[in-house]
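Have a look at the structure below, then the notes.
Letters A, B, C and D name the chains as they come in the text, with residue numbers starting at 1 for each one.
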Amino acid sequence: MTAVKDSVHDYISLDPVAADLVDTPEFQRLRHIKQLSTVRLVYPSANHTRFEHSLGVYHLASRALSHLGIDGDRAAHVRAAALLHDIGHGPYGHQTEDLIRRRTGRDHDEIDDLLGNSVAGEVLESHGLDPARVADLVDGNAGLGQLVSGELDADRMDYLVRDAHHTGVPYGTIDHGRLIRELRYREGNLVLAEGNVQTAESLLLARALMNAIVYRHHVSRIAGAMLERASERLVEDGLPIEEFARMADHDLLVALRERVPELGERIERRNLYKRAVWAPLEVVPADVVELTHAETRAAEREIADIADVAPKSVLVDVPPRPGIKESRSRVVVNGVVQRLEETSELVGALRSTERTQWRLGVYAPDDVRDEVAAAAADVFDLSPHGIDRWTVL
Amino acid sequence: MTAVKDSVHDYISLDPVAADLVDTPEFQRLRHIKQLSTVRLVYPSANHTRFEHSLGVYHLASRALSHLGIDGDRAAHVRAAALLHDIGHGPYGHQTEDLIRRRTGRDHDEIDDLLGNSVAGEVLESHGLDPARVADLVDGNAGLGQLVSGELDADRMDYLVRDAHHTGVPYGTIDHGRLIRELRYREGNLVLAEGNVQTAESLLLARALMNAIVYRHHVSRIAGAMLERASERLVEDGLPIEEFARMADHDLLVALRERVPELGERIERRNLYKRAVWAPLEVVPADVVELTHAETRAAEREIADIADVAPKSVLVDVPPRPGIKESRSRVVVNGVVQRLEETSELVGALRSTERTQWRLGVYAPDDVRDEVAAAAADVFDLSPHGIDRWTVL
Amino acid sequence: MTAVKDSVHDYISLDPVAADLVDTPEFQRLRHIKQLSTVRLVYPSANHTRFEHSLGVYHLASRALSHLGIDGDRAAHVRAAALLHDIGHGPYGHQTEDLIRRRTGRDHDEIDDLLGNSVAGEVLESHGLDPARVADLVDGNAGLGQLVSGELDADRMDYLVRDAHHTGVPYGTIDHGRLIRELRYREGNLVLAEGNVQTAESLLLARALMNAIVYRHHVSRIAGAMLERASERLVEDGLPIEEFARMADHDLLVALRERVPELGERIERRNLYKRAVWAPLEVVPADVVELTHAETRAAEREIADIADVAPKSVLVDVPPRPGIKESRSRVVVNGVVQRLEETSELVGALRSTERTQWRLGVYAPDDVRDEVAAAAADVFDLSPHGIDRWTVL
Amino acid sequence: MTAVKDSVHDYISLDPVAADLVDTPEFQRLRHIKQLSTVRLVYPSANHTRFEHSLGVYHLASRALSHLGIDGDRAAHVRAAALLHDIGHGPYGHQTEDLIRRRTGRDHDEIDDLLGNSVAGEVLESHGLDPARVADLVDGNAGLGQLVSGELDADRMDYLVRDAHHTGVPYGTIDHGRLIRELRYREGNLVLAEGNVQTAESLLLARALMNAIVYRHHVSRIAGAMLERASERLVEDGLPIEEFARMADHDLLVALRERVPELGERIERRNLYKRAVWAPLEVVPADVVELTHAETRAAEREIADIADVAPKSVLVDVPPRPGIKESRSRVVVNGVVQRLEETSELVGALRSTERTQWRLGVYAPDDVRDEVAAAAADVFDLSPHGIDRWTVL
């Protein structure tokens, strides 16, 4: 068996299908897509890629399947899905997901297309595997697909530990050995065995702390918003969305610097916008929280207009309402399968915490920050008595 | 400067006072007291001692003092207190604390006596330090003593990380670098700077997970109850409590085997009692939860009587009502110092979780477990409809 | 499958034989024997035991067997031997080996006796395994016994990594994943596959650095010599050697303090003798290097006599001539199985290095060090021009 | 003080000069230059960059200076040099060094130019530091410059540990805590204090093992040779060398794909040439070992001609004769400063080992490998009886 040395899981053995899939251009491209996109601008050691992450997910899924006693054809499809689950990502991963969806009108089914028309698809077929079935497992969140994408999936187990290893922030270091040992497959669902409410909670807590300290760090959010907007301009400027979607990070970085220099150069050199507004949920009117993409753009223009600055100097960043996927993981309590949220008081508390941490961001170059802050407060009707809670001193 | 190599903090530099204190018999005794007493019967790598833990607390307290810009005489006393904070412990640490207190009638002031009449006390004086002031800092929970014993103390920061390193359970691995960097000293209290609600919560969460998975593991609780009872018999059998209190683990282990063999040999060979009852709070009458030590012993005799087994075959283990010390740590929120429990929704949830995890334990040799379970249900009037929730199958 | 959490290898799964063996008194006793005996007096975190080490050796041997495709009865015997390989050790492991051998006249065959008359032996038989065959594998250094005790054995792989983890000295951290993947079993011998001269060398280098920095640290050697001498007096004083051999560390520590207090109390409180002489090979006459045990004792008396100090105040410590077992490990080079020493120039250099590091030690209480140094130089005829090379300033 | 979280050293505190230097375009560019260039094609987690490495070198140099008691202006210049030591690197670091030197005719003095004409230079001056003095310290290998570039420099200490962390190969994990504690500054040279021959050797051994297992892995060498040749063609094709030298990795990767696709696409997709020849020193005529760059190119054309393949299908890779810089590190032995090679037998052995590992490589696309191997054997007059030692089966 071929093996790859990994800094997180040590040697990862590849079955023959995986060994061939790794050599395809679709998979090799993942070498050039960072796992944490703009987080590296805050945590400079976080340069790990979707390539090694995908190997890690494959590794943990393989171990889980072997622990569950599942093998043969079924297991082979799940392992392939685990390995390939990220090949549909655009450059800079989640950061360009929305843009690609809006422009292509596709929702998630990219992986189907990709496996239907790619070297990876051919490799699957040459080993007697069905690309469509693999694609379903990636999309699915059903049956064994839950091991690839579900509340207790190998994706989450790998990225939490890997992101901790590379950022240096320890909170993602979950006990995946235990999670896998305690997995059961009951009536078509992955569940944790009796006595594992804490095991399930540990996953939730690790995510919550990594969200707060790493994934949603304001510097990463600012850079992310700049990258998104710059990408949008690139596409508006004529770059076909299909071509855009198949870029890797380095392609996008070069394209942005050359074709959208006002943002591209800043991203490359970490010369970032600053927070003009950073407002918690209680001072933001409900309609602002629900702004559509088009309305956000319109608001930016309005703010720029009032502040009398160039339109491209204002970025409005409205995150989605918070939710916690892991809260629906299944665990056996007193012999009955329950959703974690039904049995753990922590779930509710973490939901509140997520709400507490939600922030509306408005970003601008340092020298026009004050004007933009004032204009945004005006446009968004931010509660004036909360003024000291949302401006950044 | 002398330095000691530590597996957790790498090199720990010792100032001249510390270097001399380390050589005293009082401190060297800590080499023979395990940090986690009976937890090693569950996690066999957890053999670390109060000796290295005390060096770790000294190290983190020194770094915190230097970060806070506190030096001179004040800092010297705090560093000494950090180093010596555990020298008052009896054998097997917390496991024998209650027994020693009941028998000596002392509450915590042992450290005073110890520093007043010991080589360590002489060493302090020879360096111009005041043993009484050091003792106050250990006891204190006030002013800079909070660094030794408080909600944000170096003790907690060290043991969480160290216990994680040695058990292999990752959840204690907090970010002490960040905790120390964000410490401030305001109006006589240690607080965390603005923007650190999560930092404070991370300490709480680490403790909660380590409690559930490590510190209160049922096997460790059974062995702990056996050890406590055996120690009690040893003292009842004539061993002076002062002599008992100055034993180290190896002394106690030998003494128990020789003088209380029915329990001592079992502890040494990990031939433990089993759970006859393991009942959550909701099936246990309120008066049982509040049993005094004497009432617990009486209940054991009554259960043994009904079950018709030898009195020493029944151990009743009623843990205290749960509480979360870290919930009162101070953190600056919007410019105002707040208690964590006032600002974090997690605190309430963790309190509920602690309640959910509380268990009344009744332990007995494997061969009389059923009889003891039935008798205990009778004596304690355990809710019959909850029968399947408290017997262990 | 039962599993144990280990701080080095994470979860270790136990087969049914191993699970039963772990519960025997012979194996539980290993909880009370430290892996590195007196090294903990230098590296205070090094409190790990032969219990967890034995589990680790079992784990690595199991993985190697599975990698080599060896299963069934043969593998079962090797796994049992790996788990039990240390149960014959006396208290403080290697430190009391010589004493036990001299007194019992036995050489290595202890494990036979032990497995013939023990609960562990019964457990083996109850699972259809042959205790004598297991004992042979522990002693053997032949065939698959090489996995338990050989140049490329699981014992070495585990202890290097484990000692590094617990001392904090990184040099033992070898790549056991690679060592195991590259193992082959050819004509009754374990060999490393083509292209692995460096893999073999890495084992050698790790041992050499750990020898110099950890295993032979002078403070550990002094404490070891004190312990050995104290044990000798204990046995001379009437403790039956069979009883001595079955003690664990805590028993010995208590017995020494009570019955050989002049050394026992010092060991317990780390109040150690100091180096009076620390002489390299080139200043020590050849006959001194070859002193027998009886001659060493006679020399101590002579030195004490000349120095006019109590006889028990002089300890002479003559280590064996250095050798490097790993140098004979087998590796395939250009298709031919070779001994590492035939193909690696490092082996010769490391042999020289070991010679360079060899030291004759004479130890004494601090206050009589000078007198003892002078007398020892006289008795041993230490080269006078080398005077500044062997006294410790 | 500003601090950056690092996965290797945890928090790195930045003094005000460093904080400003980090924000310059010259330093930010290092985010886009991988530390190990093509090694990531073998060890996929090795994606760390010169940015975080430079922070690490700054950190270790700061600690060493503080340990040596050196501060003020002198220390400030050394710290700045440690931080900036890599800003002169071209894309893909060492891989393009030769090309840049040949084309610009410069040798090392790039850093002078850079600091003379850059934002980083201005920042230095604004803080009262002298850019020329900083440049000298980077180049120097003299005085305190030895801390930046010398046998015991912070550069080496950081990269060994960091490369181990990111590749997963443990052998680079040296004990930098000890190295720094044992540093002394004597008569203008960095030396290790008495008793540290092993400490010095450990550095040597770590490098030797990392060389064999990581840095000179054949897959990395093949990709490196492809990258070098492709870069050469890019420059021959008209890209000004000054522009080339200021590229970052992503720029080069895009440029190669677009302008030298026959190699660029292969590098990006890890579709690499294979070894046609891999010959040890003893089968390679001495004049081949000494081939100049121009002669190497001529040999490639000759081989291609004989093999009847396209000229670009042959890559000849002649590494320099091996040497070991660390062998000249200084260490105090018996009170006298000595070079390590004068006192350690390991140095000679490692030199031999390096010679043993030297390989002449000739690489070609898989489908013409045999023809190229035969032609190369002919052109280079490779010893025919060694045939089975240099072809790769």
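In this text, a contact is a pair of C-beta atoms (placed from the backbone, for glycine too) under 8 Å apart; a residue touches a chain by one contact, two chains touch by 3 or more.
Here is each chain with its UniProt name: A, B, C, D = HD domain-containing protein.
Since this is a predicted model, take the numbers as computed values, not measurements.
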item: Any chain in contact with chain C (HD domain-containing protein) as well as chain D (HD domain-containing protein); value: A, B
item: Comparison of A-C and A-D (more C-beta pairs in contact); value: A-D
item: Chain centre separation in whole Å, for chain D (HD domain-containing protein) relative to chain A (HD domain-containing protein) (CA means); value: 34
item: Centre-to-centre distance between chain B (HD domain-containing protein) and chain A (HD domain-containing protein) (centres being mean Cα positions), rounded to whole Å; value: 40
item: Chain centre separation (chain A (HD domain-containing protein), chain C (HD domain-containing protein); CA means) in Å; value: 50
item: Where chain B (HD domain-containing protein) touches two or more other chains, by residue; value: 5, 10, 169
item: Footprint of chain D (HD domain-containing protein) on chain A (HD domain-containing protein) - complex, ascending; value: 4-8, 10, 23, 25, 28-29, 31-32, 40, 43-49, 51-52, 55, 165-169, 249-251, 253-254, 268-271
item: Chain C (HD domain-containing protein) partner contacts - residues on chain D (HD domain-containing protein) that touch it in the complex; value: 169-171, 173-175, 198, 201-202, 205, 209, 212-213, 334, 344-346, 348-350, 352-353, 356, 388-389
item: Complex contact set, residues of chain D (HD domain-containing protein) against chain B (HD domain-containing protein); value: 3, 5, 10-11, 177-178, 181
